[in-house]
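Below you'll find the structures, each written out as structure tokens.
Two complexes are shown next, each including subunit A; its partner changes from subunit B in the first to subunit C in the second.
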Partner chain A sequence: MTRWGMVIDLEKCTGCQACTTACQMENSRLPNENWQDVLFYNEGTYPSGKLTWLPRPCMHCEKPSCMAVCPTGATYKTADGVVLVDWDRCIGCKYCMIACPYGVRFYAEEKQKSRPDIREVFPDPEGEKVWSPPWRMPDHLQNNKIGVGIQPKNVVSKCTFCYHRISKAPPGTKDLDPSDPTLREFTPACVVTCAPGARYFGDLDDPTSEVRRLIAEKRGTRLLDHTGNRPQVYYLAGEQPAIPETRTVRRSRDGEA
Partner chain B sequence: MATALLTNEVLRRYLDLDRRPDALSIAMMAFGGIAAAIGFAWVFHDLWRWGHAAFNTSSDVAWGAPIAFYLFFLLSSSGLSVLASADSVFGMNVFHPIAKRCVFLAIVTLVAGFSILALEIGHPFRMLWALPVGMQWHSPMWWMGVFYSLDLLLLIVKFWRMHIGDWHSRFMHLVSIASFVVCILAPGTLGLVFGMMAMRPAWYSPVMPMYFILSGFMSALAFITFFTAFEPRASTPPRLRALHESVLPRLFFLALLAVAGMRFGQILTSLWSNYEGMEAHWHVLGSDAFRFELLLGLVLPILLLSTNGLRRNALVRFAAASLAMVGIFLARLNLLIVGQVVPLFKGYWADYVDYWPSTTEWMLIPAGFGIFCFAYGAGHWLLRLGDDPGPDPALAASPR
Partner chain C sequence: MSLETDRRRFLELGAAGAAAVGTGLGTGPAVAPAAHAAPVTKVTKSVCHQCPARCGIDVYVTDGRVHAIYGTLDHPIANGKLCPKGHFGAYILYDPDRFRGPMRRTNPKKGRGEDPRFERISWNEALDIVAGRLDALRKKGEAHRFALLHGRGWGASDAGLLEPFGKLFGTPNATIGHSSICSDGSKKAKQALDGNYAYNAYDYENTNYLLIFGAAFLEAYRPFNHNMQVWGHIRTKAPKTRVTVVDVRVTTTGAAADHLLLVKPGTDGALALAIAHLLLSEGLWHRRFVGDFVDGRNRFVPGATVDPETFNERWTKGLVAWWNAEVKDRTPAWAAEITGVPEKRIRAIAREFGTTRPAMAIFERGPTTHTNGVYNGMAIHALNALVGAMYAEGGLMNQMSPPYAPLPWKVDDYMDDLAKAAAAKKMPRIDKVKTPDWPMASNMMQEIPVNHLEGDPYKLDTVMFYLTNPIFSAPDCTVWEKALAELFVIDTSPFPSETSWYADLVLPDHTYLERWQDTPTYPFQGWPMTGLRSPAVAPIHDTKAFGDTLIEIGKRIEGPMAEYYKNLGGVENVLRLIAKGFEKNPGDNGVDSFEKWVEKGVWYKKPYLWRQIDGEFYEWDGTDYIRPMTPTEVKARLFKTESGKFELKSSYLEHYADFIHEKLGIPEDRVGFPQWVPPRHQGVGDLFLVTPKTPIHGEGRTANLPHALSLYQPVAGGRNDTFLEMHPETARKRGIKNNDRVRITTPLGSIETRVRLYPAARPDVVVLPFGLGHWAHGRWARNTRTGNSSAIIPNVSDPISGLTANYSVLVTVEKA
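For the complex of A and B:
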């Protein structure tokens, strides 16, 4: 059975955030609701300071803590290894948001940081969905069971690895390479759009897949591995010392600006 | 017509409808009714207008003040239930006179807590089928739902038996034992909801269930002291006097000390630790809510209840109970903030998350307390909460 996973080569990634934008357009996300985000880190001080970045989709963990805490079973894992939310079953308790170590789950019912509030500019005429964007995926792709499409109100959302695309891939596909025109429409939007080709998507259970080769040969690393969630997104740090330190808030008492 | 008569008769059998409500009942029902009406009208209006965006919670602070209020009520309810079991389970009949009142208070606090949760959660009605159908036994929240539902059921049965005068039957004893077990499991599981979260280091602790049970017991003592501080009069029998002026305040004092000890350990560990996420404690150290919780909500009540002379003074007891209630209320809020103020995995450019409840969230206080006060006032009037049939004759006869 296929077990989908992603590899992100940090040596190739330019931090351009095209993936963030592509994801937003593909999945009709609200501003700031970045299922796929790029995080920035500045480390060290002059003259040896440096800026680093880290693209961060949902990790689609092997043992997802968000799924373990969900009291209704709305968060589930598909047979091909993708963690999804059933919007018709989610009660909006937000426990999964508490339990995700990577902060990749979103609740749209919050004050918008940017103005105008896009939800008020494009309200849903039926009042059931969060908004009604003028640009959206075809209606027949809307599927609440896999958390794809325009989001209903009061439920949690997250990256689906573009499940509406990858689930249609021809059986036995081991790598979804966007440079192959026959596979492009089945490849996640962020992978398709990545200009430097820093993203790879394929079957982690197939030892001959490109993602497996990259992980083995270029020392694929997983984020926060100590949590035991075992992400299915791997990073290639190359010659860099490591992926950036994960600490979010720096302590002023340590003298760090 | 016949149905109306029958209903009337049944009501009269169980409720003291012919009794005139005393000043306390009238005051509590009036205050509670008005507070609940204002609170609910406000919150419903805002939710209708803006949805849950009326709250200041966000994808970073997913659980805010409403969950803190909910914790406050649910944990107090469990503590009250423990207090009510002291007599019926452990035979400590000194607690007999407050047992029925405690059970009623436990029911009312639980209902107030559930009402707040219904306003916080995205789909409260969906929850009613999705939880039982889901059978997600690996989720601590699912177990919490199971135990608190059982808790409410058992409390209602227990209260009903007390109300019809069955305090000492075998059935009542079994219900009391079951209720006691559940009222320990329920707050314990609620503690696990937080304590199991390894990805939230400021919460992650095997001691969290114990802290929830203990602090719930402390706030239950604050509740009962608050409502009975002025109860003993010159004519009060010595046994009852001793309960109010000596036993309860001493127990309250001890519970405060135990909570202060646990809290001190928690804070010290967190301030010392260099583990990511623990810096949240340094951050909240400067907040007024944190200072109130520790200084006015714990230290001052401990001082107020520290001597026999002070404990005998009704006004002092009342002040200590009021301060402890506000303190524990803020403790719940501080707990919520400390676990979420450090955003998970947002890069260096993110700072501590800004969170302070919105007006809509604050209005849940009059809503919740309103329900509580109204129901308590009505119970005080109609349900003979001070019933005290005396110790179990079977136990009194035995030589223990």
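For the complex of A and C:
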């Protein structure tokens, strides 16, 4: 069975935010609803200040703490390893937002920071969904059961690894390489657009996949691995020695692969 | 446009894509059946419009809605990728504040506080008003009092139409572009040294050292998308390309590079000269390209002059004279004083650069938007000669043009007596380029309002704007408000821009997803390429492509000019005609007709035809760079200077020696050399205000997008807000704390914004992104709570290039 995972090469990432804007476009997100965000960190002082950044999608954990706390079973894991929210079951209690160690869950009823509120400019005529902009995702792709499309009011939303795309990939696909015209349409939006090619997407259960090779060869590491969530998003941090953080992968199940 | 013809213009999605979107091959678990039947998604090939790079795009339309835009996979710039701005297209198309159709002002008073009270009129009515007005001017012999100012020109179907229009109508003012508030400085520096008034094409993939001066390679330098693709390659290839960034602020480019040198604004040229000094004194120059001492012994000793007779020069001209006049004294210690970069660092960087091949030095607005901009640029570009990068693999080239077929009608045949009389008068342009004021500049848009207000050289009557909004974006922009208040103003922006607020007529353009347009490439990799925008959807409002608007105006002018424009017909026809040039020159992707151009979205033909290999020049013979070129051919094709060499003593500048001496105080016998000229900073104060373009800034087109504004300045924490980046010590001295609202002041006035303490910043530099502080342009654009920096930037320009000295502004900052 396929277990989808993502590898992000931080040595290639330029911090441009195209992953963020592609995700917003593909998934009809509101401003600031950055399912795929890029975080910037500033340390140090002139003339030796250090600016770094970290692109952050949902980690689609093996053991998602968000799922464990969900009182209605709205958050679930698919057989191919993706963490989704069934919007028909979500009651908007936000426990999952607290439980997620990565801050990648969103609740759209928060006050819109962009003024005027774009939801009032493009309201849903039926009043059910959060908004309904003219550029919204085609109706036939929107699906509450997998948390894809524009969400109803009062639910939590999150990155789906573009489940409406990846779930249509031919069975047995090892890697979703967007430079392959036959696989491009199934590849997550952020991976398709990433100009420096910092993102890879493939089957973590296939030892011959490109994502597995990169994790092994370039010392893939996972964020906050001590929480036991076991993310399925791996980061390649460049030519660095084996500081403890980069070695955590060996303590997990994946280290044995 | 009927639905049928509209449909024919769409391209069907390829088989794989159709399967993906249409039939849903998926077997993924837990997928509930889609609630709706899957309609067909159509993909139109077009070209992005958010910056000049011309990335090919696939525009996805389902249920009549544009809902996604991705890079075109088989497009040489896009390669299936996009930058963050590329994904904004649908938001621009569906911007709720766009004009719905042509508008006429009913409020005769103009001002920020005066609502134009626009009323909708028909296109016929609007075009007749313009033509009537222009005809009257023409008959009075005052055709020159009509000016057409343009910003981002794309190709034959818009900017290319302007020159014939000016000629037929009889005005010298139809082709005034915005390049003098953009990047003319780098082009002029290159013209001075290698004879090409152009941006370079680059072979980044094959370089092993990139020395970047003030060009935000990973933020704004075009083609941004491809630069990032290059980055992914050069930073993981063997050997990894070494990158050094010279800038005045912390950028993602600098942070991602191996070295970031933060210099004092306007001093890049001093650093480049010190690098040149070290390359020569330590014998690190490219001997096969530059030449060598007759006996091979290096006589470039710091501080000592060299006998020119002892050096055999090859493809440069004036090296020894340059050393003697300038470089011999430009030691790293000297440059350390001026730039603030420690001597040891300068030496280390220079040695790295000089010992890694291929290497190249690139630069843009950082060094050139100063009064000494051309000389800064020349000092940097000279490094490309010293390391042999000109026309070399992993080096710099110039861009070739596409083989368009000429239009079958000669403009001269349609000039009537009025047009001929206007040409004979040789009226100066309203911006006074090619007059004793600006003898070398190609555009001086920023001078227009002042010249008009002073009636020198004359008063304009009617001014039309296409893709430019200088009333917001030019230095000292508020002076435009005075000028436009007394002019008949025609704006063609699709958006309710500041210009339109002062407009008498608005003839709104389509957005880029609704129009036909050709896009010959900006300098890229040298070989010719031209993309095509095809409408992805029928226009959603009653708008008209600017090119068609101009052609329709032309048809309504009395006399033979109307015949010319009736022949042209419209933009689509122009594109069909120029595409005939592809019949004899099919592109590498099989594009040999207009129809194929539409289908593929781009015509291109590799390779670049010329290459310098270890000091010898070769032309491509069909299989390889193997046919040796004569010096005459090199001069005709590549080094277009008087000598046919890379001139380290510029004959071009020497022709203007008296002017340069008068303006910059340089002795006339020295004007030809790349040299250190201290910048003259504008304003009064102790802090430099730097106003960069961020990766999200899509020029005026993205000003009103909340998605864009929410991501505008993330590096300093600017989410839904923008900040003045300021060093904490600088702030403390002024009693300013993080998030305080502050006032930034120059002699022109003040603007306000909030402060973000930024310890990595130079203590003498404050940074505020430009493009903010709109007082029109739509509901979100007006709501940024940050002032417009253009309002307080004095209008001072480099006398040589005419480029505005925007990055040389001294300000005071205090708590508001």
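In this section, the second predicted complex is superposed on the first by the 239 of 257 C-alpha atoms of A that agree within 3 Å, B and C clash if a C-alpha of one lies under 4 Å from a C-alpha of the other, contacts with A are read in each partner's own complex, and residues count from 1 in each chain.
Please note the rule applied: a residue touches a chain if its C-beta (ideal position, glycine included) is under 8 Å from a C-beta of that chain, and two chains touch if they have at least 3 such contacts.
Only a predicted model underlies this, so the values are computations on that prediction, with no experimental measurement involved.
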Subunit B versus subunit C as contact partner of A:Ala99, first or second or both or neither: first
Touching partner for A:Ala198 - first (subunit B), second (subunit C), both, neither: second
Contact breadth on subunit A, by residue count: subunit C or subunit B: C
First, second, both or neither for A:Leu54, with subunit B first and subunit C second: first
Partner chain in contact with A:Phe40 - subunit B first, subunit C second, else both or neither: both
Partner chain(s) touched by A:Gly73 [first = subunit B, second = subunit C, both, neither]: first
Which of subunit B and subunit C A:Ala216 touches, first, second, both or neither: neither
Footprint overlap on subunit A, comparing subunit B with subunit C: 40, 42, 53
Parts of subunit A lying in touch with subunit C, wherever the complex brings them together: 9, 11-12, 14-18, 20-22, 24-26, 28, 31-32, 34, 38, 40, 42, 44-47, 49-53, 76, 78-80, 84, 113-116, 118, 121-122, 133-143, 145-146, 163, 165-171, 178-179, 181-182, 184-186, 189, 192-198
In the complex, subunit A residues that touch subunit B: 33, 39-43, 53-54, 56, 65, 68-74, 89-95, 97-107, 109-112, 153-155, 223-224, 227, 244, 246-251, 253
Footprint of subunit A on subunit C - complex, ascending: 14, 16-17, 19-21, 24-32, 34-39, 41, 62-63, 65-71, 73, 79-88, 90-91, 93-94, 96, 218-219, 224-226, 228-229, 231-233, 235-236, 250, 252, 254-256, 262, 695-696, 706-707, 709-711, 714-717, 719-720, 727, 758-763, 779-780, 783
In the complex with subunit A, residue positions of subunit B that touch it: 51-53, 55-60, 62-63, 121-124, 126-127, 130-131, 133-136, 138-142, 145, 193, 197-200, 276, 279, 282-283, 339-340, 342-352
